[in-house]
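The structures come next, written out as structure tokens.
Two complexes follow with chain A in common, the first pairing it with chain B and the second with chain C.
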Partner chain A sequence: MSTKRSTLDSVVDALGLDTEDEWPYIVRERLLAYALLAVYVVVIWFPIYYILITSLKPTTEVLQIPVTFVPSHPTISNYIEIFQNRPFGTFTLNSLVVAVTTTVICVTLGTVTGYSFSRYDFFGNKALLLSIVGARMIPPIALIVPFFSIMSNPPLIGGLTGSLYDTRIALILTYTFFNLPFAVWIMKNYFDGVPESLDEQARIDGCSRWEGFVKIILPMAKPGIAATAILAFIFSWNEFVFALVLTSSPQAQTLPIAVSLFVADDFVDWAHLAAGGMIAALPGILFGLFFQRYIVSGLTQGAVKE
Partner chain B sequence: MAHVNLTDLVKRFDDITAVDGISLDIPDESFTVLVGPSGCGKTTTLRLIAGLERATSGEIRIGDQVVNDRRAYERDIAMVFQNYALYPHKTVEENMRFGLEQHDTPEDVIEERVTDAAELLQIEELLDRRPAELSGGQQQRVALGRAIVRDPAVFLMDEPLSNLDAKLRVQMRAELNKLHETLSTTTVYVTHDQVEAMTLADQIAVMDGGEIQQVGAPTRVYSNPRNMFVAGFLGSPSMNFLEGTLEESEPGMLELDLGTHTHDVPDEFTDVLADRVGERVVLGIRPENISLSQDGVASNLHPATVQVVEPQGEKTVLELDFDGTQTIKAAVDPDTTVSMDDDVNLRFDRDSLHYFDPKTGASLTYETDEQRRVTA
Partner chain C sequence: MSTEKNTLRRTLDRLFVPLTVGPTLLWIAAIIVYPTLKLLWSSVFWQNPISGEKQFVGIRNFTELLFATGSQTGVFGLAPDFVSITWHTVVYVGLSVSISFFLGLGIALLLDRDLLGRGWLRTAVIVPWVLPYVMSGLMWRWMFQSQYGAINGLLTQSGLLSQKIAFFSDGTLSMMALIVADIWVFTPFIIIILLAGLQNVPEQLYDAAEVDGAGRFSRFVNVTYPFLKPSILVALTIRIIFDIRALDLVWVMTQGGPGKSTEVWASWLYRTAQVFNRPGEGAALGVVLLAVTFLIVAALYRIFGESPY
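Moving on to the complex of A and B:
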């Protein structure tokens, strides 16, 4: 009894409860909440944990029954081998170039376009915004064939560039198409939340419109820009279906495709697939961990009137 | 320093005319307040002077220069916004320096001006803080400081006290007054708060419907309004209006038939009102110019019934049933002992009566009153 009591006391202390009268009910309530959260965390993190340990197992242990949840002989050989035996460096570079370029384009265009929609009241303003954001409402899968057709034989610049099929440019253009409306929408909302009197004060202080935007408004929009950048980057980094259709060789294929190549007709190379999967998943996890507060503040800006 | 002159200024937003041909002279070193209800065009006028809006037509002069085509920063003005518009990512000092740096002011001058302004406004210890770390009153001071360091020809202030609580507002009002006495910079101040307007201004411009209704010294505008709008807008509680028919009681004498009451028109107004005999006329009297009379038989007393008693500390406001159809308000001595349903006799101060045309709202006795005051 005394042991049980002291354990509960320590839980009470840990939860910051101070009166003896209230702890039994509150402890039960909080323990239930923490238990549910613990289950949720396990469900969310287990696949990542499982792919991590699989990537650190020798091939023989991967297929071993019963399954081991801690590698008996942890090794990074799978990581080394995928870079030695396959052009994983090229795949990673492709992913980086495509994701970074898409992000830079979306952030740059999204920011100036969002600012324009937020501040300038021009003819057709609302209709134009609706058409830009509305384009994103079309299910991407419905656009695969048109995109394949356009990239294979670009109607406007085909004469100059030839086919864009199996190039990074095809992926960058496609991902920009999907991400730019989001970027414009997020940034417009963000700028809507920045009082216009700040632009005006900047003008009175001696700034041109552009200077005021760059020197005053843009530094304030960092959370919005960060949110836009993270979303654009993660989308471009993770995207699979369009990369599968629009590319066919390592010169343009990205990591998600590279990872899928470990699945053969009659054999799945789980250990190397897991190592590739970890590399592919890493930026998303890191961004999620370190920048999620920007995503939240960037997406919710303007949602409530302060 | 500079005077500001607006001539036939018009600003239209599509079909809406926000400023409808106003002309106003704002003397050098004056503190001019544009006051009026929401949507009257006062803020638009200020923004036109600031260069934040382009005038549809008309002329804006600051000093001797027509500034219509000049950008905001070329007009030598500084503005204090209602929400202060402090740059949130910059410290107080950086906020104050920014405008000077944009104008390539030498570093030693910037240092000197920021230090002086911070000292004047007692914000020296706040210089390293960011706006989010300041209280509303402190933010207000910083916004003023940012305007002061520019040493502009004209200060433009757009309801700068409206976000402060009542006590702080009174305090800042006094400080703004002191500041203007110290700096003597021409100031154009926009507010919808008539108390602010009356206490701060040495010239007040009452606006409504995009037009200036009356300009003048606050006490003059208050005591001799040009029309029913100005009369009703200035003063709290606002002026009472009683409509009646003007009649000749005996040769050379006029009275206003208010239904159950008649009211003798003071002699000085008989000439100007003589040609309106038989017409409807509105009598205006401020609540503080109505007193309760103990003398039940004297002439020119108006019986009324107390409906509501509102003790307000320095005065007690009575809402009275005047004749069964009209109610009026009287501001009486707080020691007055009356209660609901009491029958009282009201005495109107005969030096404080105003007569208006009910159709146009224009004062019929404005000129006579002006002459009387000039003579006095």
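Moving on to the complex of A and C:
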């Protein structure tokens, strides 16, 4: 056992708890881990706390010195006002429609395609998979010029639809750009972990490839599908760059844009911005709190090779 | 009847791969390949901002952005703006990534223990990453606000400072604020990836190292690191290429200011293409960004001696 004195040793001493034998190394180490993690969690949650209490303060208290760290007159009027004075209902609806549609498209295509990449050795599958993975590396912002011009004047369907600029469709199409390759890759890796003997058993039982996939494999893949869906939803819900480039009015603007609109040239309406920000942050916070497991597994499947 | 059904079944079965892979490939061709080709195409044209008329200019968009013209003098003949913006990007990405990497590694090592309430701790450290970057950026802008921000409030009201700091009036402090926000947002990502990597380290090796009397540091270098290397590579690669392209935080916190002191590649690209309405030059910058991204990925995989995927 080390004879070196650590800070924790002194804490333990001060509390009168010490002797080396009563406080085995592992207990002291664990206490230290807790202490460090506690400090870290408090520090990273403080800004979230501060924006939350800002959203609950009346404007007069927000612009008041000294700064208050507990609202003296908490109110939800900021939340009500942004829905009354600004089209926050429409912004929220836009965000929901865009994120849900993108998620459905990416999860559907990603699941069936990921399965085929995982199971079948078809012509060019390695090269195709590699290019799908490579596509994930393309920086979306590099493509704002072509996307702006394509959406303003869409080829092939242009005659039917006219310009897609400032529509939700434009956002949905561009959001699949970074979510679809990701979905294919996560699902492919997920199916790699589902034993192939299940496919064989289904075949022996007389299932066609489709029946086997739908009845036997898909139910097994639910956790992978959930992880893909949650990540695709979060990425789409939070997206800002394409929304900034491709929308200009409440008919398509999403919540991240709506929140940024509180910043006027010289003046920022912090109280209402905070309320809007909390609404935009809500799905992320909820997903983070209740589906942490899926976020972690999705990211891990998506990031770590094979 | 039944044979007909069987034929249909067999045909559908034979078409399983084309039907499951085909639509995705077509979709990707339309939404990724086509825009990328169009990007290359746009980068060699100059568009008249008023008439919208396009003119082929070859590589002039690139040379004008990257190289000094006329009376300008720049390092190695490079354009002064290009040099300073590249430097800001290197500082921003370099400091954010390295600090968040070591912080994330530390937290991941702490969380890798058999702690009571580990699930809740993990949840608590992950949340910043799942919030909209715009909201996080504005939140930090509010934290650093010169009059009513929490940081100035804490510092002056506790008596540590007698005067408030106007963070966003100063180039260096603005950059620091951006880096703080970036670390806050992206450290959870490092934690998640490294925690997953730590699961690959066989428990017995730790015990063996302990028996051999290896200290904590040598245990990390000799036991943990070799198993963690692939995850470190993934975490760093994704972190770096995502930071180079990130516009959200910069745009809502500083818009590249004060002056041009926090202008980075992403904001430069957006400003050129959208604010100044110069799509040709914006596309040229996009091509450069794309090339740099692939070079960085290739370099990282070289350094770590692994093949990319």
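Heads up, the rule we're going with is that the second predicted complex is superposed on the first by the 270 of 306 C-alpha atoms of A that agree within 3 Å, B and C clash if a C-alpha of one lies under 4 Å from a C-alpha of the other, contacts with A are read in each partner's own complex, and residues count from 1 in each chain.
Rule of thumb we're sticking to: contacts are C-beta pairs under 8 Å (C-beta built on N, C-alpha and C of every residue); 3 or more make two chains touch, one makes a residue touch a chain.
Nothing here was measured: the structure is a model prediction, and the numbers come from that model.
Bringing the complexes onto one copy of chain A puts chain B beside chain C with no clash. Touched residues of chain A, counted separately for chain B and chain C, are more numerous for C.
Legend: residue contacts after superposition of the two complexes on their common chain; A:122 is shown touching chain C, with no touch to chain B.
After overlaying the two complexes on the shared chain, residue contacts for A:219 are found with chain B alone; chain C is out of touch.
Touch criterion not met for A:70: it reaches neither chain B nor chain C. Residue contacts after overlaying the shared chain place A:207 against chain B, while chain C stays out of touching range. In the superposed model, A:195 makes contact with chain B only, not with chain C. Shared-chain residue A:264: touches no atom of chain B or chain C. After superposing the two complexes on chain A, the shortest C-alpha to C-alpha distance between chain B and chain C comes to 9 Å.
Only residues 50-52, 71-73, 77-79, 81-83, 85, 87-89, 98-99, 102-103 of chain B touch chain A when the two sit together in their complex. Those residues of chain C whose C-beta lies close enough to touch chain A in the complex are 9, 12-13, 16-17, 20-21, 23-25, 27-28, 31-32, 34-36, 38-39, 42, 106-107, 110-111, 113, 115, 119, 121-135, 138-143, 145, 147-150, 152-154, 156-157, 184, 189, 192-193, 195-197, 230-231, 234-235, 238, 241, 244-245, 247-248, 251-252, 266, 269-270, 273-274, 279, 282-283, 285-287, 289-290, 293-294, 297, 309.
Listing the residues of chain A that touch chain B in their complex gives 195, 197-198, 200-201, 203-207, 211, 216, 219-220. Residues 30, 33-34, 36-37, 40-41, 44-48, 50-51, 54, 62-67, 69, 109-110, 112-113, 115-117, 120, 122, 128, 130, 132-133, 135, 137-150, 173-174, 176-177, 180-181, 184, 208-210, 213, 234, 237-238, 240-241, 244-245, 255-257, 259-260, 262-263, 268, 270, 273-274, 277, 280-281, 284-285, 287-289, 292, 295-296, 299-300, 303-305 of chain A are the ones that touch chain C when the two sit in their complex.
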